[in-house]
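Handing you this structure, nothing more for now.
By written order: A, B, C and D. Residues from 1 in each chain.
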Amino acid sequence: MPEFEPRDPDFDARVRASFERQAAMTTLGITIVRLDAGMIELAMPYNEAFTQQHGFIHAGIMATALDSACGYAGFSLMPADAAVLTIEFKTNLLAPAKGELFTFQGRVIKPGRTVTVCEAQAFAHDRGAAKLVASMTATLMAVTGREGIQQ
Amino acid sequence: MPEFEPRDPDFDARVRASFERQAAMTTLGITIVRLDAGMIELAMPYNEAFTQQHGFIHAGIMATALDSACGYAGFSLMPADAAVLTIEFKTNLLAPAKGELFTFQGRVIKPGRTVTVCEAQAFAHDRGAAKLVASMTATLMAVTGREGIQQ
Amino acid sequence: MPEFEPRDPDFDARVRASFERQAAMTTLGITIVRLDAGMIELAMPYNEAFTQQHGFIHAGIMATALDSACGYAGFSLMPADAAVLTIEFKTNLLAPAKGELFTFQGRVIKPGRTVTVCEAQAFAHDRGAAKLVASMTATLMAVTGREGIQQ
Amino acid sequence: MPEFEPRDPDFDARVRASFERQAAMTTLGITIVRLDAGMIELAMPYNEAFTQQHGFIHAGIMATALDSACGYAGFSLMPADAAVLTIEFKTNLLAPAKGELFTFQGRVIKPGRTVTVCEAQAFAHDRGAAKLVASMTATLMAVTGREGIQQ
């Protein structure tokens, strides 16, 4: 796996500050487990309030955590003055999101000045066993200044 | 647009019963606005608890509503004993999810015995104007009996 | 469907000139049937040389025509000095690509200064009947100058 | 990476026989470099006949090879009497397909009785250096008997 050189030496503080401003993360109980240049790991507890009709976590909620994992992996490599926007993401649901805890590993596949491509995987943890339950590929765009808030 | 013949004449009650079992819909305040064979429209109010770092609705939350719109459009055409699973979905984020209310229109593009393909669009309603802010293509699988609960 | 105002009044000649430089289009026998600002229709005859194991056109060849349909729909709205790059595309194969002739309708869903999102649909024509066999969503990037050739 | 147990001990001969029936592979000069249960590597030489407007291999042609890489990785794990169909694929174009030779590594991420999910990566080889230029995620369906030919 490639190792990346961050353009912003303070990427750790910048990523954590932005993550804290995502109210959705707080509401879903999602936290940063690990953070490095170009990669991040998030964790989310099971919460019945976010389930689908069979009692498993809703695919869209899994996508919410996967999207943040992709977004912050990419954001960690961006310059200090850039905002990050998700252009698109694609998720494969490989197995039901059934477990007590879920972890999400995001990493940059291809960094770029404007466009960055990331991947993330979701694991369900159930009685000590971890199982791959979903994957995502996401395309991010770095924007600066007012453009980042409008787009 | 093609019109579909539902295999289950009671599809309306079946879709609404399953939708009510999705705790995530209740938590997010998502409701069914319109339902027909092969199509559904959902609505969701703005809720600061589900925002990203710029105060707009998180892309994954938009995907949650879009996924349910696709899933229930497809589910409406399935036989009475089938369960529906999302295999994959892909979302393009076209503009920030900025507005007071969001609506989601899902429809079946290609029904099938095993695999059904659906599309959905998300609109942001802001001071009377509606704007297309996201689109989704989703692939669903119809499963029966225990398989539907396990997979 | 939205109608678009082209930024380049000579978009028709510019699109056709770029299309002619795509050797892959000539090799596959793909031609422009219709072209307007933000939309294009292409046609491709059946050719056994590009089939998969069941004698139908290979999904990737269908994607080649769909990608060009998306790309040139988007390119028609770009400024005169821009080059177009596909960032990503997603295709759903709805039915086998079985027929004598295939047509591909591409159109812009969301134009943008940097990023443009397009959709395209593929139809198989067999003994007078047209059938939807594949769909694509594609994200394009407009680049200028040397960047367009390098990226 | 997980290792898979093939259900068909003769998967190698079965995959190669099907691959040879894909006329598109012969036309594009694509060959099997390596084959194992759940994984395959393909190679394709540069061919000006399949380029886009900048002289690089057309994204759809890259997708053709990536789709076959995903399809045959998945097909290798299917039972002897199954046919494989691609339901959908998504490709990220990470860099221009510029090089003398291209290789494509496909592998199964999640095998299943009906649905199998695969990933593939494309590398461009240019003056001794290999560069990741595209990635794909694909969903396959195993079908048996007449259904496999019709769908």
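Here, contacts are C-beta pairs under 8 Å (C-beta built on N, C-alpha and C of every residue); 3 or more make two chains touch, one makes a residue touch a chain.
Just so it is clear, the structure is predicted and the values come from calculations on it, not from any experiment.
Student: Among all other chains, pick the one whose mean CA position is farthest from the mean CA position of chain A.
Tutor: Centroid comparison gives C as the farthest chain from chain A.
Student: Which of these pairs, C-D, B-C or A-D, matches A-B in more than half of the residue pairs in contact?
Tutor: Checking each pair in C-D, B-C or A-D, only one repeats A-B, namely C-D.
Student: Any idea how many Å lie between the Cα centroids of chain A and chain D?
Tutor: 28
Student: Centre to centre, by mean C-alpha position, how many angstrom separate chain A and chain C?
Tutor: Taking the mean C-alpha position of each chain, the two centres sit 32 Å apart.
Student: Hey, how far is the Cα centre of chain C from the one of chain D, in Å?
Tutor: Roughly 22 Å, centre to centre.
Student: Where in chain C do residues touch two or more other chains at once?
Tutor: Answer for chain C, listing residues that touch two or more other chains: 87-88, 90, 92, 95, 117, 137, 139, 151.
Student: Which residues, counting only chain D, touch chain A once they are in their complex?
Tutor: 90, 92, 94-95, 109-110, 117, 132, 135, 137, 139
Student: In their complex, what parts of chain C are in touch with chain A?
Tutor: 87-88, 90, 114-115, 117, 137, 139, 141, 151
Student: Please give the residue numbers of chain A that touch chain B in the complex, ascending.
Tutor: 18-19, 21-24, 26-27, 48-54, 58-61, 63-68, 83, 85-93, 95-96, 148-151
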